[in-house]
Structure formats: C-alpha cells, structure tokens
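Dropping the structures in below, format is structure tokens.
Two complexes are shown next, each including chain A; its partner changes from chain B in the first to chain C in the second.
Up next, the complex of A and B:
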C-alpha cells in the first residue's frame, strides 16, 4: 500500500488529508490521473509530486510503501 | 538545528547566533513579515502550512547550495507555520561569510529558492474570503535544478 498526502488547497478539494492506495508499479503520471479522477481534483496538473519527501518526475515508478505527496505551487517566505 | 519549521514566534537573535563564526566578516539577516496590503487588497491574517519533513530537507538543500557557491558561508533558516497576524515574522534567514558582498548575495539566493522549492503554503484571509496562494513567482519551479540567471532579479 501507499500513503498519498493532499496538501494545502488539494486537501480542501479532496476533503481528506491522506488516503491509502495500492499504487506500486504505476508511474507518477498514472497516479496523478487516477487520483485526479477519484477525488475530483481540478488543479492536480499544476502540482509537483514528491515520493518519500523528494521531488519526482512524471516517469518515476511507485514502489510498495512509498509515500506520495502532491505539492501545489509553493508560497512560503 | 540550522533549518527549522517553527510553530511559535521566531527568536531572531537565536537564528543569527547559529551562524556566528570566527572566519566571518559579515552576517546578513532577512526577516520576512506579513504585509497588510497586496495589490490594494487588505489581508486580515495568514495561515502558513508546511509539509514539514520535506520542508526541512529542502531548507537543508538550499543551505548546501549556498555553501557550494559561496565559500565559507554558514546558513540558518527558520520558517514559521500556523496563524500569523499583520507584521508578524514569517521567516528568518541568517547567512555569515568572510566578506559582506557574499553574505548579501547568498541571503537573497536563499529567499528566492524558498519561494521555488520549499513545500510551504500560505492561505490568505481577507474581509471577503480566503484563498490558498500558489506560485507567487509566476514561474514553474525546478526542483532539482539550479535557478537560472535572472531568477534572483524577479
């Protein structure tokens, strides 16, 4: 299983802070499509993706146990 | 800890003290504060949220990048999260270097990089509503790469 985190506006949109999904073997791009569809996330395209707290490209493949987080454009500072 | 996410008000002097070194001829401090007016719109308060473990890692990465570019630099960064009122301190960056020009440049680099790669977001609360703010730079972040020439002048 994989933990998927929704942060900032994505959490408000998804209505959940995190969910457990079985995503091993899928690419980041696959995961984005699945999650956007399942949770009705409009702006997931503009978010980056982190796997285990490091930015990941759309081609990267998810492994069992990886923690996935969608990172909307940041606004710290 | 040189890189921190803090839930309580930031002790500015404590951040500065972390970069004190005998080799330094300069320490620059950047203090980011909550502004009341943005494009004429009045902010009542902000909520800052961080993906904390990753935010700390990305602050560390910024420190590493600075040390590679400016020899002898020491860096400390604390970013606050939670509810912040107008004039509250949101971020403190302290950089010490042997010579002052480097301390100014490296400090500027740190705040610009924070706005690109550190997973922290602010939610603006106005009199007539609220909204998560994203992409203040109106550029696409490049998480693994270096900022390109000109990024520091935006």
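Up next, the complex of A and C:
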C-alpha cells in the first residue's frame, strides 16, 4: 500500500488529508490521473510530486510503501 | 549610529566581515505587495547597500491587513506601492540606497537591471514573471529566491544557478489558474513565515555562506500546522531549457508572454495569456461571486463587475478589461484574479 498526502487546497478539494492506495508499479503521471479522477481534483497536472520527501518527475515509478505527496505551487505574493 | 548593526554582527555567521559584505550588495525586489514589503523591511534594517524595488500597483485599503510598509495615508493618496515603500524604507534606514521603479517587471526591464544586482527576491503574484526571473537568473548567473503564499499556505525555494535545479525544472510550464490572494484570501502570519524563509536565505547569500543555504523546497500551512520539505537532489533536468545543457531562456522570448493590447476607442485592454490551457468558467464565476462581483455568463465567456472593475473572461483565458487604457493596471487585475 501507499500513502498519498494532499497539501494546501488539494486537501479541501479531496476532502481528505491523506488516502491509502495500492500504487506500486505505476508512474507518477498514472497516479495523478487516478487520484484526480477518484477524488475530483482538477489541478493535479500542475502540482509537484514528492516521493518519500524527494522531488519526483512524472515518469518516476512508485514502489510498495512509498509515501507520495502532492504539492500545489501557489502564486500569491 | 555606530552600534546600529551590533546585534547582527554579534551573530557569528555574519560578524563584522559579513556586515561589510551585506553593505556592498545590491538586491532586486520584484513586487512590493505583502512579500515585497516584508522582505524589503528586513533587508533595509539589515543594512543592505542598495535595494531596487519594482512594482506596477498602487496602495489599496485591502492591502493594509498584511502589507507592512503601508499606511492609511498611502491609501488616501493612492500612492504607487514602489513610491510608498521607498518613503517608508528611507525613514527606517537612511544608509540604504533605495531605487523605486513604478512599472511592469517585463523581461526587458529585468535584463536592464540584471547587470548590477547580486540577488533577486521574488515577491511577485504571478508565474509568468517568476519564469522570466528564473531565466534572467540563469542567463546572468544571479541567485533568486522564490516565495509565494495564499490563505495559510506558503512556500519557498532558493535557486542558485549552476548548483540547484531551477523553477522550470520543477514546474515545466506556467501553471494556469493557481489560487491567488484575491480568490483564496491570505493571513498575515503566512506572509511573515514566507518572508522569514526568504530573508534568512537572502542573508546567507549576501554574506556568501553558501554551505548554509537550504537546498530543499519548503512548504507549510500555518493554520493546519504542517511543515513539509522536499529534497531536490533528483530534480535538476539536464534538458531544461532554462538551466540545462542547451539553455534557450524560453520565458525571455516574445511568444511565451502575455499579450496586452489597448483596444482603441473602447477604453478596454485585452489580455491574452501565452498558453491556451483553458479556464474553468464555472469555478471562476463562483470565486468572483464570493468576492462580491456581479457575474453573468454563457458557456463561452463570463462578464463580471464590481465597482470600477468590469471585465469579460473567455474560456481560453483571454480577458477584456473595461474602463481602463492602462495596461499595467489591467494586467494587475488579471494577475490578482487568475494568478
């Protein structure tokens, strides 16, 4: 299983702080599509992804037990 | 005031030598809103040699809750933020040379300024300018510090050309319709926390304590008590067009830029964003209504009106800002609402 964390306004949109999903073998891009679909998230495309607190590209493959976090960049200043 | 900086020079990583370095440096601040106010005040008090501040906006009542350099007087006089900031900063520390530029931080303007600055601090409210800052930073080898905030959520990252990944490595493209302070709200402590992270990094850079820099991307939520760091050791993209092996600095070129046109005789400015990713008009209508806008629309466009602000937004992100011929003012409204 994998823990998926939602940060900032993604948490409000998903209605959850984190979810448990079985994602081993999938790429970050796959996970974005699955999670966006399941939790009604619109802006995951532009969110950055961390796997085990390390920046991950869309091509990276998830391993069993990895913790995935979606970090949406914000523009306010 | 010979002991003016004594508490700072007593701090061993700065010391007298560090203070002299701070004194010899020129910082460019892009934006004089909440982050710009906070960053500028810290660096001015710390005794930086010269601070150039560029901003296209003027002070409004809704700024006062968090933009620490401004007063009710500035609102009454509708002072440009750069001018009001200059006045206040000079009163705080007359040692510091303050250069205020009232206008748009276009890539041309940034290139003009780049030659003589040691550090760029991002205090802007949109990713188009940030990507231009990012390219300027790479092209002229100037460090820059990204900072942004909305609601109770803030983030920061330090870009050192030749060492760290850059913003283009992380984002790949300009994220459209990010939440902004005008749509998601913002509280003072979020601003202060981002400012604290940016200015700590700024001081390290100014005293050239490179090993002390934070290499991780930090983000936090001061209301929900989250603090997350993301390590960046695998983030640098060798094919990045901004910092990779064959840089093209795409955000300094004309096709990646918002096209702004004054429509003659109509008292209207048209704004066309560079990437046609589309806007969710229904969601935008909801946000605008929450802000008090009167919103009408159809599947192709929405029109919104609040006091002197009147505009039409099309599904492809293009907007007509009515009641003005001022491009900077129109772009400012657009950025505040659409990021």
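Quick note on the criterion: the second predicted complex is superposed on the first by the 73 of 77 C-alpha atoms of A that agree within 3 Å, B and C clash if a C-alpha of one lies under 4 Å from a C-alpha of the other, contacts with A are read in each partner's own complex, and residues count from 1 in each chain.
Here, contacts are C-beta pairs under 8 Å (C-beta built on N, C-alpha and C of every residue); 3 or more make two chains touch, one makes a residue touch a chain.
Treat the numbers as computed from the prediction; the structure is a model and nothing was measured.
Chemist: Give one of first, second, both or neither to describe whether A:46 is in contact with chain B, with chain C, with both, or with none.
Modeler: A:46: touches chain B and chain C.
Chemist: For A:54, using the defined touch cut-off, is the partner it touches chain B, chain C, both, or neither? Pick first, second, both or neither.
Modeler: both
Chemist: Taking the superposition as given, does A:63 touch the first partner, chain B, the second, chain C, both, or neither?
Modeler: After superposition on chain A, A:63 lies in contact with neither partner.
Chemist: Answer with first, second, both or neither: which of chain B and chain C does A:75 touch in the superposed model?
Modeler: both
Chemist: Quick check on the output: what are the common chain A residues between the chain B footprint and the chain C footprint?
Modeler: In chain A, positions 7-9, 46, 48, 50, 53-55, 69, 71-77 sit in both the chain B and chain C interfaces.
Chemist: So in the complex, which bits of chain A are touching chain C?
Modeler: 7-9, 11, 42-43, 46, 48, 50, 53-57, 69, 71-77
Chemist: Applying the document's contact rule, which stretches of chain B touch chain A when the two form their complex?
Modeler: 32, 48-51, 53-55, 57, 79, 90-91, 111, 114-123, 132-136, 141, 143-144
Chemist: So in the complex, which bits of chain A are touching chain B?
Modeler: 5, 7-9, 12, 46, 48, 50, 53-55, 69, 71-77
Chemist: What residues on chain C touch chain A, complex-wise?
Modeler: Interface residues on chain C, with respect to chain A: 31, 33-36, 122-127, 130, 147-151, 153-155, 165, 170-171, 173, 175-181, 184, 186, 217, 219, 221, 224, 226, 228-235, 237, 280, 283, 335, 339.
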